[in-house]
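I have a structure I would like to understand better, so I am pasting it below and will then ask my questions one at a time.
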Amino acid sequence: MDDIEIDEVATPELDDPVLIEGLPGVGHVGKLAAEHLLEEFDGELVRRVYATEFPPQVSVDGEDGIAELTCAEFHAVETDGADLLVLTGDHQAGSNAGHYRLTSTFLDVAESFGATRAFALGGVPTGELVEEYTVLGAVSEAALADDLREADVEFRPDEPAGGIVGVSGLVLGLGGRRGLEAACLMGETSGYLVDPKSARAVLEVLEALLGFELGYDSLEDRAEEMEEVVGKIREMQDGPAVPDDDLRYIG
Amino acid sequence: MDDIEIDEVATPELDDPVLIEGLPGVGHVGKLAAEHLLEEFDGELVRRVYATEFPPQVSVDGEDGIAELTCAEFHAVETDGADLLVLTGDHQAGSNAGHYRLTSTFLDVAESFGATRAFALGGVPTGELVEEYTVLGAVSEAALADDLREADVEFRPDEPAGGIVGVSGLVLGLGGRRGLEAACLMGETSGYLVDPKSARAVLEVLEALLGFELGYDSLEDRAEEMEEVVGKIREMQDGPAVPDDDLRYIG
Amino acid sequence: MDDIEIDEVATPELDDPVLIEGLPGVGHVGKLAAEHLLEEFDGELVRRVYATEFPPQVSVDGEDGIAELTCAEFHAVETDGADLLVLTGDHQAGSNAGHYRLTSTFLDVAESFGATRAFALGGVPTGELVEEYTVLGAVSEAALADDLREADVEFRPDEPAGGIVGVSGLVLGLGGRRGLEAACLMGETSGYLVDPKSARAVLEVLEALLGFELGYDSLEDRAEEMEEVVGKIREMQDGPAVPDDDLRYIG
Amino acid sequence: MDDIEIDEVATPELDDPVLIEGLPGVGHVGKLAAEHLLEEFDGELVRRVYATEFPPQVSVDGEDGIAELTCAEFHAVETDGADLLVLTGDHQAGSNAGHYRLTSTFLDVAESFGATRAFALGGVPTGELVEEYTVLGAVSEAALADDLREADVEFRPDEPAGGIVGVSGLVLGLGGRRGLEAACLMGETSGYLVDPKSARAVLEVLEALLGFELGYDSLEDRAEEMEEVVGKIREMQDGPAVPDDDLRYIG
């Protein structure tokens, strides 16, 4: 096997597609958001990217236990607003150099479809339960900031303090060096839990920016499941449960 | 030394041989099973695979302290049912990329002998002492599942939860991408102990699938040794030993 | 992306420039010192070095959240004494081989500007609060030691005991093998705190050696901030604060 | 810098030299033994081997703080019995593949001097203070075992249990694959302390095998220093020191 192998599953014509990256990270915010896009819009699988930098692992799916080799996937998604190229997967790379190589490959794929813009989706940990889901932004060039501000994205000098790590960071860093207009949308999240509400906050920004509309029923369901989990954890710690209302924004 | 070196020890003609992989893993189930095959059938060593991905290590064997460089070995085994190509060894690779490279090499060797089918043997941890040794399955393509079910292999949606990691996983993942008919047979095992009973359960599935018969005396002896070990551990923890009967299926 | 990419931002004519390396390390002494040089002398950015050995990370800067890909930077600095080529950055490499590759690249850049001398700046940990900031030295060739002694650099046989690790060590080790006249200036520091006073001690040696003069107001400000931090830590541990005088040389 | 660089310092004619490897390991037995050979016989430095697999580090030596880049060194040593090529250094490699590459390079150097035999020196940990210093052996081919037995080397089936790891193991494993007659001499040692007495036991085997004679005054001095260290540790733990006699064979 080569270090990286790309399966070309389909190559539809896309109209100035926007790369949307949602690999695993803090609170699984980016991954939840990207997968929700695929669920709502019925995307078409276009590329699979295999890499020896990924864990040596297969997932086992379905009734017949079909083994699927770890990969990242690109789906083409048509919306009322813009065509999307959605990048999802279960893993990031296993080394510094691997992150650079993988992200370069992802950007090559996006370029091959004509993408000139990218959004890296993720979470930013606050260390405490979040009541109001602010979305922080970072951009590859200053000219992109104003549009994001209009969509309620906040810019806070030198935040996130530790920078942006992993594929999301490199979509901006390496993408910017190629002339890609790239932004990172980071939903605030506690950092301790999978956070569907933070994913929704990020997606609402995308709706405003790209002009499409999403339903959120399934994300709401997952948010309620998470609230139940949190409720049970509290119960175990504190004795009797607090009334449901107080937990509305926990997640 | 090259990154990978293959010693061609012998190249017998094999009739549509089946690759059987049994490298170290959970409960050493796969390794025990593969080694039991070699013990019962007197296989012929055909290839040694050395790799700089293996630990920099020699084992020291026999009266004269002969140093043997870490390697994986293929043995050709003829049975009444099918010819086998049995892959064993003491180590897996030391990095993500190393797992991919090694497994690719192993599949190259199997292909060079004409293998079109493969079974990766291993254990799946249950976290508790196992009473009945179910064998779980995963396959590279759906068409393989029914034969396995007839041999009492169980398929449980999305199990094992964490997927299959290491060479066993990649025999399915990379093998499947080459068109190899590959299945993983995973004996349930506590995950805490070397488990000859689980290895037997896996081998009994192989017997049914490939049409050969095995004796199990030596595996039974190892199982009894393990029971004694478990008995002693219990004694130390609980005071007086529980009666032997209750431990019959502990492994 | 290539393993290493060098952006040529500017290529001014420099007169026998001296390489000054100040990457992160013990007490951030080298980094503080190099950054202070840039602050006092208004250097010109001449090269950016990107490497897949650096963490896969962007920093987020300014009002508009501009993402900057992790890199090391060379600034050209003209002083009354000598022209400098100051190397700074936020990271060292992530592996043994990466350190060698990066340092080789740094030395290539320095050579391309005609540098024949180098100072690697750093800290040497003492394990206790430092009262008098001695600067220890190491050199790539014996002939360099006397000049350093005259500038109050101390040489202690076999110190630092563990040798010099990272880019600073290799500037001497690899630089020496190329015929570069290289010295390491190591300010004593506790090893527990960012240490602006140790950085000043190192810079004062450079002033004497290279014939320029620096102001130290901003470093003094940072030293005072650190003293406050130390004071607060002591307060928390010991009850009432010790009088300010006793803390003069701490931090 | 290349991954490996070899400085050819001198190339004296050697008569069927024997490679003696003594890099750091358990109890520093191999390193102490090899360095004692150099001390007693005044060897001539013939090769330095630099490698990006070594730590990125310089040692700082002497009055003038000369930085020496981490390397392994070969010294040519003429004795009454046999010519030796003694390999010493302060580090092993930092990765699996690095160990293989480095050892291959070391064997290339030894071959270039015409070496057909090798002894890898090391320690084998017993986990307790050693009273009688047995030397265990391992060989690349069975024919070598008898000569070692006559020199009081013991062979114990399947010991050391974990095999032989690192350069010493690979001198046998890779050396054997090249047809080198290689043996490992492992002095028993507690594993907790630097052990000059174990190094002496190993050297006495070499004397018998290769027909030279060594003085041991300096190793005895180091052994006494270690005994003092052990004495002090005991004192701290047990109260009053035990009489010196009881400690004669410790350490």
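In this document, chain identifiers A, B, C and D correspond to the written order of the chains, with residue numbering beginning at 1 in each.
Going forward, contacts are C-beta pairs under 8 Å (C-beta built on N, C-alpha and C of every residue); 3 or more make two chains touch, one makes a residue touch a chain.
By chain, with names taken from UniProt: A, B, C, D = Proteasome assembly chaperone family protein.
Since this is a predicted model, take the numbers as computed values, not measurements.
Participant: Where each step is a move between two chains that touch, what is the least number of such steps from chain A to chain D?
Facilitator: 2
Participant: For the Cα fit of chain A against chain C, please give the angle of the superposing rotation, nearest 5 degrees.
Facilitator: It works out to 90 degrees.
Participant: Measuring centre to centre, with centres taken as mean CA positions, what chain is farthest from chain C?
Facilitator: Relative to chain C, the chain whose C-alpha centre sits farthest away is B.
Participant: Do the two copies chain A and chain B share over half of their interface residue numbers, or under half; same or different?
Facilitator: Both copies, chain A as well as chain B, present different residues to each other, with under half of the numbers appearing on both sides.
Participant: Go ahead and note the Å separation of the Cα centroids belonging to chain A and chain C.
Facilitator: Whole-Å distance between the two chain centres: 38.
Participant: Measuring from the mean C-alpha position of chain B to the mean C-alpha position of chain C, what distance in angstrom results?
Facilitator: 54
Participant: Suppose each chain is reduced to the average of its Cα coordinates; what separation in Å results between chain B and chain D?
Facilitator: 38
Participant: Check each residue of chain D and list the ones that touch at least two other chains.
Facilitator: Correct list: 95.
Participant: Can you list every touching chain pair?
Facilitator: Applying the touch criterion to every chain pair yields A-B, A-C, B-D, C-D.
Participant: Would you tell me which residues of chain B are touching chain A in their complex?
Facilitator: 93, 95-97, 99-101, 103-104, 136-142, 145, 155-160, 163-167, 169-170, 172-174, 176-177, 182, 184
Participant: In the complex of these two chains, what residues of chain B are touching chain D?
Facilitator: It is residues 1, 3, 50, 52-70, 94-95, 98 of chain B that touch chain D.
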